[in-house]
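In the two assemblies presented below, chain A is common to both, partnered first by chain B and then by chain C.
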Partner chain A sequence: MKNIRLVAQVVLKESIRRKDFYVLFVLTAVICLVMGSVTFYHDNQIVRYLKEICLLLIWISTLVIAITMAARQIPVERESRTIFPLLAKPISRTQALLGKFFGCWIAIAAALSAFYIFFGLMAMSKEHSWPLANYFQAVWLHWIMLGVVIAMSLLGSLAFSAVSANVTICFVAVTFILMLGRHLENVAMGVGEPVRSLLQVLFYAMPHLEFFDVRDLVIHDWPPLHWLTCAKATAYGFVYGAFFLVAACLLFRRRPL
Partner chain B sequence: MHGTTQTENQAPAPPQAKDVVRIEHLRVEFRSRELRQESKVAVKDLSFRVGSGEVFGFLGPNGAGKTTTMNVLLGFVNASSGEAYLFGRNVREPIARQRIGYLPELTYYYKFLNAEELLRFYAGIFNIPRGEVERRLDSVLKLVELEHARKRLIKTYSKGMQQRVGLAQALINNPDLLVLDEPTSGLDPVGRMKVRAIIERLKNEGKTIFFSSHELGEVETVCDRVVILHEGELKEEGSVKGLVDKYQCNLEQVFLKVIGFQPEQL
Partner chain C sequence: MTANIERPQRNHGAHVAELCLPLLLVGGFCLATNLSVWFRNWPGNRISSNFMRIALGDASRLFANQFFVKADAYFHSGFYPSIYDNQQSFKTPHIAEDSGAMKGRNTGDETRFLAPPRNWLEAFGREFYPTVHTHLSEGGANGEERADTVGEILPWLKLSMELDPNHVQTYIVTAYWLRRMGNIDDSEQVLREGLKANPGNPKLLFDLGRLFFHGRHDSIRARNVWEAGLRDINSLPLPERTNDQNSFSREQILAALANLEAAAGNTNRVLSLLQQLKDVSATPDAVQKWIDDYKSGKRE
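The block that comes next holds the complex of A and B.
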């Protein structure tokens, strides 16, 4: 456990000292502040569009940070040969990989907090309300979803040789799941065999990341989800995260450095 | 032993000495990912031992299998067959690496950390008590003459300083066995002298040193015993003095004779 914490701390330090997060945060903030300063059509509900765009930017930014950060962890360690002095110490590969995972996940939690605090302050300045339960559920489920994405990217970084290939594949897969995942079963019903079976298998096997997308709760101030639903989604995320991590550990243990 | 020119002066580790490193019938084969390409055997049936307190030179031309053998010892590569032990423990167990320090060849450390942070990180992995960490940190940074640069990010270090921070991380746990993979490679003469002086000092402290180098003059000065590897096989093993006496020439010429190099080949 201590070794996992130590590796996670190094990942955190690296993420703090790199500029990726700051660039994306400033970019998101500038876009949202410029949009928020303009009044369109004197429509009081325009703030919802603003919130929607701001949340979309947060989703894109955090996905970029999570995937690029996780995908480069092991390959960069290999390329710069820092992995050799690390694994020459009494630390197992599983501990090193879990440390990388938790480091990325905690770093993304810090980034998410910064993004959502900015978003909350901006929304509150326009609406003078801050539905805490909605915000908590949105941030929590977003974080769980990013945990699955980080685990998937770590697995990809061990399966594919190039970082760029892994990042591209992860982005395509995540975008596909978020945009088309929920419609895949309907698509399957409209095609013949064997494609139908294949699509159905894919539908039930893939992690449905769209389950974690509760932006509408925040945008439209809908009542929060039932907490049991939230807990089920969390458990669902943990299962997929654990699956990807176990696969990554098995792959990492078998591969020569 | 599985050499082709086994001699009387192969001088295995004294029987009373405890084996720090033990390699038995090691074979490492790399399977090619390309279709129709044969797998490559990097190490063939290699066996040797290193006793406590020895300075052991691990020699061979490029591609002889030295780094692969070291990688097996450090758990980076799994052996296809045979076993390797450190302090009597199988190298597959992470705890086998508790008492070793490793300095890789031309390695870069986390550039976003400073020397102090890097050493604290590694000290944590060795589970060194907090109070002791401060003392060790001061001691190794003083030894490698990096006290003045302890708060500077490693990315600002020169090559020689990076090699010395490498040596510091290898010594942070006060190891009983030091594995040094070409420790003076790429250093200028001053840097080499400094690293060599540190190795001499560690030798005098009674550390076991497993040492791979192409600098045969350096090996001749520092090592008690050597093995010479060629094409994955152990070709010669013995004390430096014994080999020099046997071949009636210096270690460099012994090396060239053992690997079958003819000057006319040039």
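The block that comes next holds the complex of A and C.
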């Protein structure tokens, strides 16, 4: 456990030094502040369009940070040959990988906190309310989803030869799931065999990342999710995160450095 | 002791160039004062054009339509069919149907465009997005929204108007909902912007007349605007005059004018307008009944 923590701390420190987060945060803040300064027909309480834009930018930014950060971990260590001194210490490959995962996951939690605090303050300044339960669920589910994405990206970094290939494939896969995941069953019903069966298998097998996207509920002030539903989604995320992590550990143990 | 610094000799060419500089500056200034007037009046200048419209070209109409639909999705607090769902009950945006800007083509149950879930995964997924039919004007998602929350649709309508200034329905819908929010001044402003982009449009004139009559209680301006609308329709060539849209607008204006004149007590004018309405109406029997009722005093 101590080894995992130490590797995670190194990843965390490295992520603080990198400028990705700062650039994306400032960009999000500037765009939102400019959009927020617009008044439509003398009504200062119109806020939902701003919440939508802000949440969209937060989702894009955090996905960019999570995927690029996780995808670089192992290949960069390998290129700079720092992986040899790292593994020469009494630390197993599994521990190194888990350390990398937790480091990325905690770093993204910090980024998410900053983004959502900005979002909350901005929304509150216009609508004068603070729906804490909704915001907590949105952040929590977003974080769990990013855990799955980070694990997927780590697995990709071991399976694909180049970082760019891994990043591209991860982005395509995540976008596909978020946009089409919910409708894949409908699409399957409209095509013939054997594509239908293939799509149905894909529907059940893929991680449904759209379960963690509660933006519509937050934007339109719907009541918060039932906590049991939230817990089930969390368990679902843990299962897929664990699946990708175990696969990555197995692959990392078998691959030559 | 000061150092004796040798200054470089300035040649004649450099001297002339130095003199030319202020001359060129004055020349540029004079030309700018002359050309700026021409440039501002030149229809090809891009100063007054919308940046997004220039960037998107003809695709701006596509985006404008998308934002119009987005406003309707906001009206339903996010409960809206995607391209993969059954869209029969959302063919005409409800914000447009309510405002009378579009004839409704919706069929089926608007509360049930989502088919029953086929499996547990689909059923579980529905917990994470809106699945209940609500309207912002009737309490919204939590049933307790203020009536003016319907203003949340306005940013998308504004964007839609800027991207496609010739889509008349967007102005009518925006003006209608602004009126519902009690914002008469902005509603009038929107309709005037619409008329600026679409001069003499009978639908916009009809709506502006409605605003004067019901919103400002100014029957004189309402009459003038409606009569201008009628004149505009009558001045169109026959095929255009009798198309669905203009026939519908003419019916609307005639009926509105008849009501206005009835309120003013101009009996002869009312009967004349109703007779014209009967000639163009799709339901002449109903208009005849209106005439009979008016003559017998059952209807004022």
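The rule is short, and it goes like this: the second predicted complex is superposed on the first by the 251 of 257 C-alpha atoms of A that agree within 3 Å, B and C clash if a C-alpha of one lies under 4 Å from a C-alpha of the other, contacts with A are read in each partner's own complex, and residues count from 1 in each chain.
Criterion: a residue touches a chain if its C-beta (ideal position, glycine included) is under 8 Å from a C-beta of that chain, and two chains touch if they have at least 3 such contacts.
Note that the coordinates shown come from a computational prediction; the quantities given were computed from them, not determined experimentally.
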| item | value |
| --- | --- |
| Partner chain in contact with A:158 - chain B first, chain C second, else both or neither | neither |
| First (chain B), second (chain C), both or neither touched by A:203 | second |
| Which of chain B and chain C A:185 touches, first, second, both or neither | second |
| Which superposed partner A:81 touches (first chain B, second chain C, both, neither) | first |
| Contacts of A:10 with chain B and chain C, given as first, second, both or neither | first |
| Which superposed partner A:108 touches (first chain B, second chain C, both, neither) | neither |
| Chain A: partner with more touched residues, chain B or chain C | C |
| Touching partner for A:257 - first (chain B), second (chain C), both, neither | first |
| First (chain B), second (chain C), both or neither touched by A:220 | second |
| Common ground on chain A, meaning residues reached by chain C in one complex and by chain B in the other | none |
| For the chain A and chain C complex, residues of the former touching the latter | 38, 40-43, 45-49, 182-183, 185-187, 203-204, 208, 210-214, 216-217, 219-223, 225-226, 229, 232-233 |
| Chain A contact footprint on chain B (complex, rising order) | 30, 71, 74-78, 94-98, 100, 102, 104, 106-113, 117, 121-122, 124-127, 166, 169-170, 179 |
| In the complex with chain A, residue positions of chain C that touch it | 74, 77-78, 82, 84-85, 118-119, 121-122, 124-125, 127-130, 140-142, 145, 148, 151-152, 154-156, 158, 178, 181, 183, 186 |
| Complex contact set, residues of chain A against chain B | 2-3, 6, 9-10, 13-14, 17-18, 80-82, 84-92, 256-257 |
